[in-house]
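Okay, structure first, notes after.
Just so it is clear, A, B, C, D, E and F label the chains in written order, and each chain counts residues from 1 on its own.
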Amino acid sequence: MSEFKRSGERAADQLRPVRITRGYTIHAEGSVLIEFGATKVLCTASVEDKVPPHKRGSGEGWVTAEYGMLPRATHTRGDREAARGKQSGRTQEIQRLIGRSMRAVFDLQKLGERTIHLDCDVLQADGGTRTAAITGAFVAAQDAVNKLLAEGKLPASPILGPVAAVSVGIVDGTPLLDLEYTEDSACGTDMNVVMTGAGNFVEVQGTAEGAAFTRRELDALLALAEKGIGELVALQQKSLSNK
Amino acid sequence: MSEFKRSGERAADQLRPVRITRGYTIHAEGSVLIEFGATKVLCTASVEDKVPPHKRGSGEGWVTAEYGMLPRATHTRGDREAARGKQSGRTQEIQRLIGRSMRAVFDLQKLGERTIHLDCDVLQADGGTRTAAITGAFVAAQDAVNKLLAEGKLPASPILGPVAAVSVGIVDGTPLLDLEYTEDSACGTDMNVVMTGAGNFVEVQGTAEGAAFTRRELDALLALAEKGIGELVALQQKSLSNK
Amino acid sequence: MSEFKRSGERAADQLRPVRITRGYTIHAEGSVLIEFGATKVLCTASVEDKVPPHKRGSGEGWVTAEYGMLPRATHTRGDREAARGKQSGRTQEIQRLIGRSMRAVFDLQKLGERTIHLDCDVLQADGGTRTAAITGAFVAAQDAVNKLLAEGKLPASPILGPVAAVSVGIVDGTPLLDLEYTEDSACGTDMNVVMTGAGNFVEVQGTAEGAAFTRRELDALLALAEKGIGELVALQQKSLSNK
Amino acid sequence: MSEFKRSGERAADQLRPVRITRGYTIHAEGSVLIEFGATKVLCTASVEDKVPPHKRGSGEGWVTAEYGMLPRATHTRGDREAARGKQSGRTQEIQRLIGRSMRAVFDLQKLGERTIHLDCDVLQADGGTRTAAITGAFVAAQDAVNKLLAEGKLPASPILGPVAAVSVGIVDGTPLLDLEYTEDSACGTDMNVVMTGAGNFVEVQGTAEGAAFTRRELDALLALAEKGIGELVALQQKSLSNK
Amino acid sequence: MSEFKRSGERAADQLRPVRITRGYTIHAEGSVLIEFGATKVLCTASVEDKVPPHKRGSGEGWVTAEYGMLPRATHTRGDREAARGKQSGRTQEIQRLIGRSMRAVFDLQKLGERTIHLDCDVLQADGGTRTAAITGAFVAAQDAVNKLLAEGKLPASPILGPVAAVSVGIVDGTPLLDLEYTEDSACGTDMNVVMTGAGNFVEVQGTAEGAAFTRRELDALLALAEKGIGELVALQQKSLSNK
Amino acid sequence: MSEFKRSGERAADQLRPVRITRGYTIHAEGSVLIEFGATKVLCTASVEDKVPPHKRGSGEGWVTAEYGMLPRATHTRGDREAARGKQSGRTQEIQRLIGRSMRAVFDLQKLGERTIHLDCDVLQADGGTRTAAITGAFVAAQDAVNKLLAEGKLPASPILGPVAAVSVGIVDGTPLLDLEYTEDSACGTDMNVVMTGAGNFVEVQGTAEGAAFTRRELDALLALAEKGIGELVALQQKSLSNK
């Protein structure tokens, strides 16, 4: 089978250029602009000294996420969710995914009774916004935790290790890493994978948009995701090592 | 590692008793009560002779799903979503999953410009409500299609084959098939798998609730799911073969 | 005037076959499936150890009801109220009626500071859903109270006596007891009556859908309702006398 | 039993002073301020040259009502429903009642494909707001119809006859006509009755707030209502006979 | 340029007849019907012995306003905001303006921890509803404060002085005071001005509906507003001087 | 009176450094990041080939605006309006202001039956977000119009001239131009002024937060605004002259 041809000579197992800009805005405890090619997501981490009702008095903290997309982040303008008066099912699904992914690498006991809010707002979309959001949110969360440590508000880091995410999919029979918008639209099978720095799985969400996929295709996609996430974790660490 | 002990002597790779009652209510074109042990979901299929705006004039039909849970389907009473004025993120996520799973086995062109609404309402919950809903909704959809065929409204079936779903998870280190509520609560890793009758994947949604899971654990869970779904598809077919 | 001919040879003053199934679901403190012919309503009673704000600190309890209808309980599929984001005026009117009817036979002082929630969900509708709901909710409430008594949480029953309800109406000039859907649609005057076991009125709600009705017609309808409710109260007691 | 003593020497079967001011505001096709003692309701009738979806193309018109209460119409300030973002169940119940009552005296065929909106807004409340609203709305509707007749937009009146309403109740064992607020609060049984000018019933809505009521009490209340409504219809006619 | 001709021989710098009726309804601590020509607004002041969350424990009170318009206060019937389920942007803007205007003349410290709610409901609209509302709300607020003083609940008045408002605008090149509806519709520039009794500005809100306006036009409008508000303050005082 | 000391040696009549970055995102027809010091607003202009209902068939176009603020654009995290389910009164007031300001320089007839949506999203807030939004939205709108002209979709520009806005206020007795957040918070009187390139007023919105302001103070503020807007219009033109 002839391979699908990607834009910019990109290989099937190659990430788009990834840029992580820390300190993108000034007010948040952590503020990261993450770019996966033309996809740009602003991830901020805000620390609040209280927890939601289900955690009150538990001695544990909470980590939660919200996701949004500016109306003209996309090719055609979408409705503003605040104006429509409710968040779409897609938005809620994504923010639940980001929150679970972050909590997978947090020891809530060590965080103490405080909340870290991760706001992931898409400034420009070109596929993979949720995986870019998870990858960027981790860096913002780490910056916020470092600030708490530096201020002596936390004796030890509640972060167990890095977490990152990438999308993979099969387009015209070819398994591809890190889909951009045109690939995502043409895609028969689409999978979002979230993994820890140790190489274990936090979330695997695969969906057949057209024909159902075989076990062999699933294995190929998981291998691509493992490779991509390994590279993303390295980029996170490199970014965090800069002062 | 000693194995987790299941209620009722159930083996780790064993489904709960599954019962499929067709024609449970009288008005719907398809009406199925599906029971996975103590989990009971009423799945109805309603045929409407029009399509949503994004399909109008396309010559294609649409298949969509809604999911609900009666307030006291659970151990403690939950809020009624109609009274609260909105569906939770969890509800929306589930009904999107059911809809995608059904569309994976429908040729929308052959359905013509009509909509099949699948309503999955949980009368009693004991874990696995979404997978029971998918498995039951397929039977209800097949009944509705058979009615359209019998009435001469469709020349050929738009259904490509069966679809069913099951949950799998790791409890105390043991991979288990078809989790009931107490197992689900104790579960470190939880996965919902949707497959076709041909043994291909429609959805794979795995989540680490506690520690991230390894590739080996993932493989074990997928194997369990394949086994369970094979059995569920056989039960669907057996039920549909009764007049 | 020739009498209106009812389905199944039913006499004008005859109830449909009534079935009361206690313990229909397992989690609720009281759970009753009540059937008036093809109308099926699941009534659950849930006990909560707190009261709404207006009763806090009063030493009194509260009894309240919610009503819902599954989307395909009816001939044509109705919108799901949770998806629409609000309950219809009809739904609110019915659940207020059920709540008032239940409170009419409760001594809230004796109930203590706890709430009994009655959820009445229509699985299948064929007329008379609100009167079936009231009649079934009383049985569920009695079961929940019996459980509190058995557990020693209540020293004495707060229930003053039974309450039941039935619809009556005039179709083609004939006063009829317990209208089914086709009769209800054809009905000039429709009345829902709620009475205690002692034969007194809790609610009388009569509405002229077409021509206004005379005092003599009103008297005929009230007499039919008295007869029907007497029979329903006997059926409730018989059901409750089974262990 | 000693009779309940009413304010202002009012007899048990006596209405409060009723005032009907037509043309109270200038824009509406009919605009009536109706006062039952200290209860003041502004009723406007607005004619719109289209009908709601369920009547389109039917050749019939529609008559509908909305009800509201200014936040400080009552002793203590109530929430503004527009600010809270939804109408209470009570509001919806009342406006459905007003709408049905008006439609009971309208020949919708003769009205043609137009809608009459009746807005009943309580400026000051002292019991009986819904019955004052019905009684006033009829006068406003008649004025709007007279305007349509005068302008030649209607060949004949679609109004079949007058309709009016009154509340009755039992306070300390005494059946009373037209309850004011303090009576309503003390009331064991409360009934709202809507009747036509011909003396037939449109709506009978009786509720036991405390003890259930007997058939004899019901008869006494109906007799009081018949007397009161007869007087109200005469007052409506007298008001309408003024130019 | 020939001057715009106003209805009723009104001069360009002349207010419409203004009527202030105190005690218009009986329950509120202050209740004022204010009329600017055919514009009629009912302004009530309600005293509540608690404050919103942002003032709790501050020792300060709060003054806030809500604004509404009856559906048929206008030439064509508008939607009822309570039925639509939300207040329009226009409504919110106006009630924020009224609230700020009132707080400009209140010493919240002297008010103590209580809230004054000002409800401004338009019974009939003919332009200038928000300025009539501010002018009337002040009188209602003063009556409520006087009541608190008379009852000994306040040792000294928290009111610093009067506040009133008027609209001004340029129609066909002529600056006009106190626009009625037809003038407002024809208006190129529209300005609402709120001033204190001492002649200082609380709010200046000018909007070019068509062509932008010059500094000279702005000066002419401000001069008209100063004149009109001086007269309105005198009318407020005269009204308040009546027992 | 000693003058208030501004951060960074800024003079009382001096703007903060203003930066206008065109083409900030790739999908919108116009996309501008505007910075007034630390305030950063992303303004996009989206062209849609249809108009809202009130303009259909009129031959005229429409220009409208929406405004949002990312949750952590501010010092402390604000609620996400999409999650809360409604836009605040402040948000609605601002987006109405932006829309009116843009329409003041548009000939809607020349625009034809299309809509320009201006989305102004605050990425970082430090005072003056609404005035930065107006100033940036004009540049984005001009870019969108230039694109329509270049594509031959418009024969002539519907833009009548530039429009820009600035805030002014009195802090500790000193009139200041272009308030940053700490100045805005300390401010007794706050005014937002919108003017055209020709030096005429589109909007003047002045509010006394504390003491009412005098006519002399008003004049001083207007003079400052005229100066600042003149400079902003020059910056807009300079930015637009770059290819």
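The rule we apply is simple: a residue touches a chain if its C-beta (ideal position, glycine included) is under 8 Å from a C-beta of that chain, and two chains touch if they have at least 3 such contacts.
Keep in mind it's a predicted model, so treat the numbers as computed, not measured.
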item	value
Third chains touching both chain D and chain A	none
Chains touching both chain B and chain E	none
Farthest chain relative to chain C (centres taken as mean CA coordinates)	F
Centroid comparison with chain D (C-alpha atoms), farthest chain	A
Relative orientation of copies chain B and chain F, as a Cα rotation angle in degrees, nearest 5	120
Interface residue identity across copies chain E, chain F - same or different by half	same
Whole-Å gap separating chain A and chain E, where each centre is the average of the chain's CA atoms	51
Interchain centroid distance [CA atoms averaged], chain C/chain F, Å	59
Two or more partner chains touched - positions in chain B	85-86
Running round the ring (origin chain A, first step to chain F), the chains in order	A, F, E, D, C, B
Touching residues (chain side chain B, partner chain A) in the complex	86, 89-90, 92-93, 95-96, 100, 104, 191, 195-196, 198, 200-208, 211-215, 218, 222, 226
Partner chain C, residues of chain B touching it in the complex	25-28, 31, 38, 40, 42, 44, 46, 48, 66, 68, 70-75, 77, 80-83, 85-87, 91, 117, 119, 121, 123-125
